[in-house]
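The first chain written gets the first letter, and so on, giving A, B and C; residue counts start at 1 in each chain.
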Amino acid sequence: MAKYTRTSERILYLFILPALAIYLFFYVYPMLTGLYYSLTSWDGMSKQKTFIGIKNYLDILKDQYTRTATVNTLIYTVVVTLFSNLIGLALALMLERRTRTNNVFRTVFFVPAVLSPVVAAFIWKYMYSPESGVINSLLKAGSLGALAQDWLGDPHLALISVMLVPLWQWGGNVMIVFLAGLMNIPEEQYESAKIDGASYFRRFIHVTLPGLRPAIVFNIIISTIGSFKTFDFIFILTYGSPGFTTEVLTLQIYKHALYTAKFGYGSAVAVMLTLLIVLFTIAELRVLTRNEDSYL
Amino acid sequence: MVKRTSVPLTAVMLLFGAFASAQNVTLTMLDLNPEGAPFITALNESFMAENPNITIEYEAMNSRQYDQRIQALAASGELPDIITTQMFPQYKEMAANDLFMDLTDSQIVKSGIFDNIAATCLVKNGKVYGVTWNHLAVGAFYNTDMFAKYKLKVPTNWDEFLNVCAVLKKNGITPIVSDLGDGWCSMYILNNAVGNLIYGKNPKYDEELLAGKRKITDPVWKDIFDKIKFIYDKGYYGSNPMGGKYEQSLSDFANGKGAMHIIGTWVIPVFDQVNPSLKYSLFPVPFNKKGDPSYITLEGELGMSIAATSKNQDAALKYFEYFFSKKPYTAYLEGKKGFSAVKGINVSFHPSVAYVVDNYLSKGKTTPYFTRSWPAGMDALLFKVFQEVMMGTKTTPAALDELEKYLRANLK
Amino acid sequence: MRTRKPFRRSLPIVVLYVALVVFAFVILLPLLIVIIPTFQTVQESSQGIMRLPKTINLDNYIAAWKQSKFHLALRNSIIITGCTILVNILIGSIAAFPMAIREKNRIFKAAFFMFLVGLMLPFQAIMIPLYILMGKTLKLTNTFIGTILVYVAMTLPITIFFFSQFIKTIPKEMEEASVMDGCGYFRMFYRVFFPMMKPITSAVIIQNMIFLWNDLLVPLIMINKTALKPMMPRVYMFFGQYYNQWNLAFSVLVISAIPFLLLFLLLQKQFIKGLSSGAVKG
């Protein structure tokens, strides 16, 4: 093997430079500024920003509204991640074969992912309307009127109704990734399992699932991060209503930035949310990539 | 040599530049009301025709985007020359932070052309920070055909109002179209309530509240919440009140899906566009007892201020003076369908408001928004706890207690 | 091509396809909600009448195109999205290269982690500081270049993630062979590795395009000149203050979704192939 001189190796550091430069300047620097604001009592408009240390963070612990928002955010993230992955996996398994029909189905299920979340939210808000919305109209037309609900107005249902929207939109995305993952599982593994007399179910557990591990990791991480950051759906569908039942952290951050004159406090909530995401992601990676080369 | 002659030359150029720029001014103007944009644009164009050295760069966007934009601009200290405002607490905050120019000594304010509501819209520490474009009135729009069908008259006290609702419900009509699913819509019925039960008797209520003499936990607030909860629980807001959203509620009322809609007069163009044949009128929800007078809520709808950092304040003031002169202002009011903020200029812009103009506005029986003195963020909390009380997930005393605590903790 | 049949031919297959059809209907129903109002008048669309239109008239589409100056908005979106993705591919791939082949290197590991954290940041956290930086300090608002720089910074994390995952699947022998041939790293990258990355590049393009094409927040703080506004903010402008002109807004939406859908149909094959060969390979 040829010996690398240290200078030729050094050029690799140059490779990351342009990306790093842009990223540091236009992303990390604002990030750090945001962090700085979280340590002040800035109201978002006055010229002075008074440094108050970690007081905002201590206030978060006492704030019942932030607590509620955190609980809602966690519920939302867990449910949406879990179900979007289950649905995506089911769809991928069903549509694995490369037939024309399956291709059509795949495109159909992916189309919602192409839309803007704002548009998706408006459509569903329209559909959820208790009197004139499509969902209740269809139920009534199909003699299932008793099932008609106040989807976004019932405090027990509102969060669930909101959670259906990302499932509708992202299910296809998750499915595509699983399809890609399924393509990677070598035929031979199935063959040898069949030869060993394994049933479909056993083949699934011992061949498919392990083979899908990278896809599962990818999907779960992306779903988790996306769910924590969810904003547009809630903003358009309910704005946190009814009461605080659909209030999430991103909405809180938004409200503090614009309406409560507590920008510094809102920034602290944003930092807290980021930390939550980081912790969750690390935990998921630890659990899911136990016996593998991972980053952590 | 370049160096020796460049100094006087630079000086001449600077002077010339300063002179030239004094001549040509560009005013940036941001508006949160796209529906009114055509009328403002027309007004701007005639202004620019009369003042060729002033150009107005005008942009309108919906209020969601506007709020974010203005916040970003305020945070970086770069507000546009002219900023549109609404009667919400964040603008008072901006005024308190000296983001707006103090207009107290300006010609337009000193001339006293504004009526009492407008003159007190954006006032902080005795100084005036903005002017008002037009007023809105808040009350219950009602479908006159439906009322006529069931021989219902305009109610003038709470018992009559309850009776109207009961008759409608008995006949299978949703008495009030609900928009309560959007928290901020509770403002309107609450405004009528506070106007009738608090301000009517005590115009100085706000001062007493801030001083601690009055509290949100006082019985009168519980009475207000209880009354509204009563009609909510009776089903007068329909069978799915919390599912009623703002935009849908407008269409629903216009399409005859309910007899009344408690909201403000800005929606008139929407009703007409959705259903041009709709016949409707307006009355304030009469929370008062029989025999007591009733009031309607009249408040500034939109207004404008000048940025404190603006370099073109003189030009902006000129624009203000033009805006409120007779011809442009009348045209604006007719187009926008709003009540005049200027004494002496009155435009009857729609048949539906004739009743309240004759019986309330012309007699001065109006009250402003009750959130004028509230600290930032308190109205947002009100909207939430109001929903919780209506749904039954929180008791009224607990809700009022939260509000009172927030008020005292955030008073500056 | 897969030839294995995951299910034995039997009744379950029929049930399966019925379920798929029902599910497809559920997925498509909301999309119908978008399309039907585009053939209605404002009155009809506000009443929510969901009846299939008797005549297909394109009045709304034409009006929406004109009123929104759609050709300008489309042009802006193409420029911004196209340039962002191009820059991303160029500098993202080359940055991912050392992070992938020298995983254990402390500096590359730290850089990689720093990029990953960017994925986890909610936009609200940096919106205002970003505006102050771009608007006040650098005066780059209302410019394409400013918007592109912001977008590049925001999408580099996912791009680098995709690229590095893919590069890691390329056998070490590739690297060693190039060194044998006397290649410096730069040559190795663009002569050997980059051409191999076609599959993952489609995945990067689609993934980023979905985000960039639909994004509203960045243009909100970066662009306020209407002539420069990209497509989605333009569409959103129809959502007025007091009521939404559904018929027009949805028309613009449908028009805006078409180029994207076409692109997706074209790249679908590559997209899945790309994902399977990199991002989700073990």
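Some observations on this one:
The definition used in the following text is that a contact is a pair of C-beta atoms (placed from the backbone, for glycine too) under 8 Å apart; a residue touches a chain by one contact, two chains touch by 3 or more.
Given the structure is predicted, the values throughout are model-derived calculations rather than measurements.
Number of steps on the shortest path from chain A to chain C, with steps defined by chain touch: 1. Using the average of C-alpha coordinates as each chain's centre, B ends up farthest from chain A. Between the Cα centres of chain A and chain C there is a gap of 16 Å. Inter-chain spacing, taken between the CA centroids of chain A and chain B, is 37 Å.
A separation of 40 Å divides the Cα centre of chain B from that of chain C.
Contacts with at least two other chains are made by residues 44, 126, 129, 132, 257, 263 of chain A. Multi-chain contact residues, meaning those touching two or more other chains, occur in chain C at positions 47-48, 127-128, 132, 236, 239, 244.
Residue positions 68, 71, 75, 77, 248, 251 of chain B are each in touch with at least two other chains.
Within the complex, the chain B residues that touch chain C are 32-35, 59, 61-63, 65, 68-69, 71-73, 75-78, 247-248, 250-251, 254-255, 266-267, 269-270, 273-275.
Listing the residues of chain C that touch chain A in their complex gives 1-8, 16, 20, 23-24, 26-31, 33-34, 47-48, 50, 91-92, 94-95, 97-99, 102, 107-109, 111-130, 132-134, 149-150, 152-154, 156-157, 160, 176, 179-180, 182, 184-186, 189, 210, 213-216, 232, 235-236, 239, 244, 246, 253, 257, 260-261, 264-265, 268, 271-277, 279-282.
Listing the residues of chain A that touch chain C in their complex gives 1-2, 4, 8-9, 11-13, 15-20, 22-23, 25-31, 33-34, 37, 44, 91, 93-98, 105-120, 122-124, 126-127, 129, 132-134, 137, 168, 171-172, 176-177, 179-181, 183-184, 187, 190-191, 200, 211, 213-215, 218, 225, 228-229, 231, 249-250, 253-254, 257, 263, 266-267, 270-271, 273-274, 277-278, 281, 295. Residues of chain B that touch chain A in their complex: 67-68, 71, 74-75, 77, 88-90, 93-94, 97, 99, 181-183, 238-245, 248, 251-252, 257, 375-377, 380, 384-385, 387-388, 391, 393-394.
Residue ranges on chain A touching chain B, taken from their complex, read 43-47, 125-126, 128-132, 150-155, 238-244, 247, 255-263.
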